[in-house]
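Okay, so chain A shows up in both of these, paired with chain B first and chain C after.
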Partner chain A sequence: MTTSVEELELKDRLSLIESMIAEGRRTTASYGWTFVLWGVAYYVAIIWNSMSSFYLAWPITMVSACVLMGVLVWRKRKNSGSSPVTTMRRAIWSIWISMGLSMFVILDAIGYSGRLTDWRIFAAVAATLVGGANAASSLTLKWKLQFACAIVWWTSAVISCFGTNLQSSIAFLAANFLCQIVFGIYLMIREACARRQAVAHA
Partner chain B sequence: MPELPELNPVIHGKLRLALLSLLVGVEEAEFTWLRAKTGSTDGNLGAQLVKLEEAGYVAVEKKFVQRKPQSLYRITEAGRAAFIEYVQAIKQMLGSAI
Partner chain C sequence: MTVSNEELELKDRLSLIETMIAEGRRTTSRWGWIFVFWGVAYYIAIGWTVYNQWPFAWLVTMMSAWPLCGVIIWSKEKKQAVRRPGTTISRAISSIWFALGVSMVLIFPALGFSGHFNWHIFVAIVAAMLGVANGASGMLLRWKAQIATAIVWWAATVAACFGSDNQCTVVFVAAIFLCQIVFGVYAMIFEARLRRLEASHA
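The block that comes next holds the complex of A and B.
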């Protein structure tokens, strides 16, 4: 009898540990909007650059998107409080921040050096870097759908290497639409469902 | 027959065990987040966290953010080791029952 009660208590403790660890890892943080924001920023930069050929169109749009994202993250944290940082969350942020910095450095460098004579080089480098970040993120999260996004970006990079200017532009715009806008909106819907479940669970 | 291990009494308390289980998966957590996740009262939560702190299992950092006090808790290396030992002890005690 006593043994049975003790056994039940121990099982109860184990189940408490499992549920609390899962609870700690459950995240209500949202990232979908960042994909949409950057997708829109790429479109703004492309349209601005193609309409005016202003050489600062890309840097200004990218820096503005960075500032806007920083402000939105700050406001979100201020309004809803910060959920704790898990190792996974830090790993994912590290991947995207590293990709952003790499993109900023290399694209600005080839732009200002005057060696960016072909839009297709720009598109290929940008698509490869974004694809790499998606791949690293998907492998960390074990998420096949995001790896599919990486493949779409890499395909767009390869098309830029071999295709015409028009083909390169279409491939880049299509990859941006699918992997930033559509994927971002899908993420936002998923996150909203997860938040509703978390509220129901509480 | 091998001797069964004893369970660490500091960790065995339900709320303290819940707190360590939460902290083991995150880098650090605010008092308010721990309160929301465990559903405990401020007083009880504070008292259990003090016990864990006294045992050297959690460390606390108190600061002011926008003039509001904020307490950040994180599990220490000793806390992590004790937690792992506790889980292994439970599994050993349960043996084939799990």
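The block that comes next holds the complex of A and C.
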């Protein structure tokens, strides 16, 4: 193969990777509502747990949020038709599915085994896992804003370890607000703008 | 664009994705020694802790393993004459493992220095995090062996929470053996076989 052909192939490949990254960001933006959904679910679970101390408050809220998300994703796909699965999309899905499974396994296991004696450990574990998933996703998509979310989650995890129960709760609630609700709404606005632009260009 | 052109483009894209997946597996295999390396590092830290109960055994072993791993990677990269171009999948994989590394470096010292360290919680978190990374990489590369390691790590997460201290250690040692040593050696054999095949085709 000559050098120019190789160069051309490399350029093609780079442009494909760039388009995949853009597509990955669009996909993440189109699922911005899931960030908001989970942010609200965390708030519901925290409030329910602190008001009634019901030991099943977290599992019930999380499983309900999971089912609700499944139904909404199914409806979304049914309405808009399934778009082709790209490498980038599969990468992002793999990261979030693995994180979800791990979170489900570890938090349930720690809870039901009676080893969850401290809210701070729960907050630290949850924040670390969500931070890790945001970091992996943002590095894949070269998205600084999402990486900032990862840093906020990691900071919240460290504060949870060193702070009091109140400080830990405040750090977790603040991280949830910034990285789930605010970031989720930002993604939804971005998606709506992109859709409006697509309609205008059509 | 005509239908046949679209079909051709789709076929090209699919074949590129397949190439990327194969390349991703190859890259993971090339890093197979890291699985073994960290498996051995975990064994040293466990053995050291069991032998003299020194609280900093884990910290010292991990802090020594990091620079050593870095030096080996650097010397390997230096020896490599031609640098292979990075693909979307390889970037996603490295992002996942980088995020895991940062998460671990943050959470474990934070838990340790804040006095929240508990052997069961520690093993559960390590196993859950390695479950995330192996699960995401395995799903992305469609690699059943790596998905199996993720399942073993998730099973270890649950087992670590419910058993006694000794059972927890046994579970951790077994999971390290299966998912780090055995999988690492398997990846190294896979890589060696591919290299031999390449040499015979050259």
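Note that in this section the second predicted complex is superposed on the first by the 173 of 202 C-alpha atoms of A that agree within 3 Å, B and C clash if a C-alpha of one lies under 4 Å from a C-alpha of the other, contacts with A are read in each partner's own complex, and residues count from 1 in each chain.
As a convention for this text, a contact is a pair of C-beta atoms (placed from the backbone, for glycine too) under 8 Å apart; a residue touches a chain by one contact, two chains touch by 3 or more.
What you see is a predicted model, and the numbers here were worked out from it, not measured in a lab.
In the superposition on chain A, A:13 contacts both chain B and chain C. After overlaying the two complexes on the shared chain, residue contacts for A:131 are found with chain C alone; chain B is out of touch. When the two structures are aligned on the shared chain, A:23 is found in touch with chain B, with no touch to chain C.
Once the two complexes are laid over each other on the shared chain, residue contacts for A:72 go to neither chain B nor chain C. Contacts of A:102 after superposition on the shared chain: chain C is touched, whereas chain B is not. By the touch criterion defined above, A:90 lies against chain B and chain C together after alignment on the C-alpha atoms of chain A. In the superposition on chain A, contact of A:193 is made with neither chain B nor chain C. Of the two partner chains placed by superposition, only chain C is touched by A:150; chain B is not. Comparing chain B with chain C, more residues of chain A are touched by C.
Of the two partner chains placed around the shared chain by superposition, neither chain B nor chain C is touched by A:63.
Within chain A, the residues touched by chain B in the first complex and by chain C in the second are 10, 13, 16-17, 20-21, 84, 86-87, 90.
By the touch criterion given at the top, residues 10, 16-17, 20-21, 85, 87-89, 91-92, 94-96, 98-100, 102-103, 106-107, 110-111, 113-114, 116, 118, 120-121, 124-125, 127-129, 131-133, 135-137, 139-140, 150, 154, 157-158, 160-162 of chain C touch chain A in their complex. Chain A contributes residues 10, 13, 16-17, 20-21, 84, 86-88, 90-91, 93-95, 97-99, 101-103, 105-106, 109-110, 112-113, 115, 118, 120-121, 124-125, 128-129, 131-133, 135-140, 150, 154, 157-158, 161-162 to its touches with chain C in the complex. Taken together, the chain A residues at the contact with chain B in this complex read 7, 10-11, 13-14, 16-17, 20-21, 23-25, 78, 81-87, 90, 202. Taken together, the chain B residues at the contact with chain A in this complex read 12, 14, 17-18, 21-30, 32-33, 36-37, 66, 87, 90-91, 93-94, 97-98.
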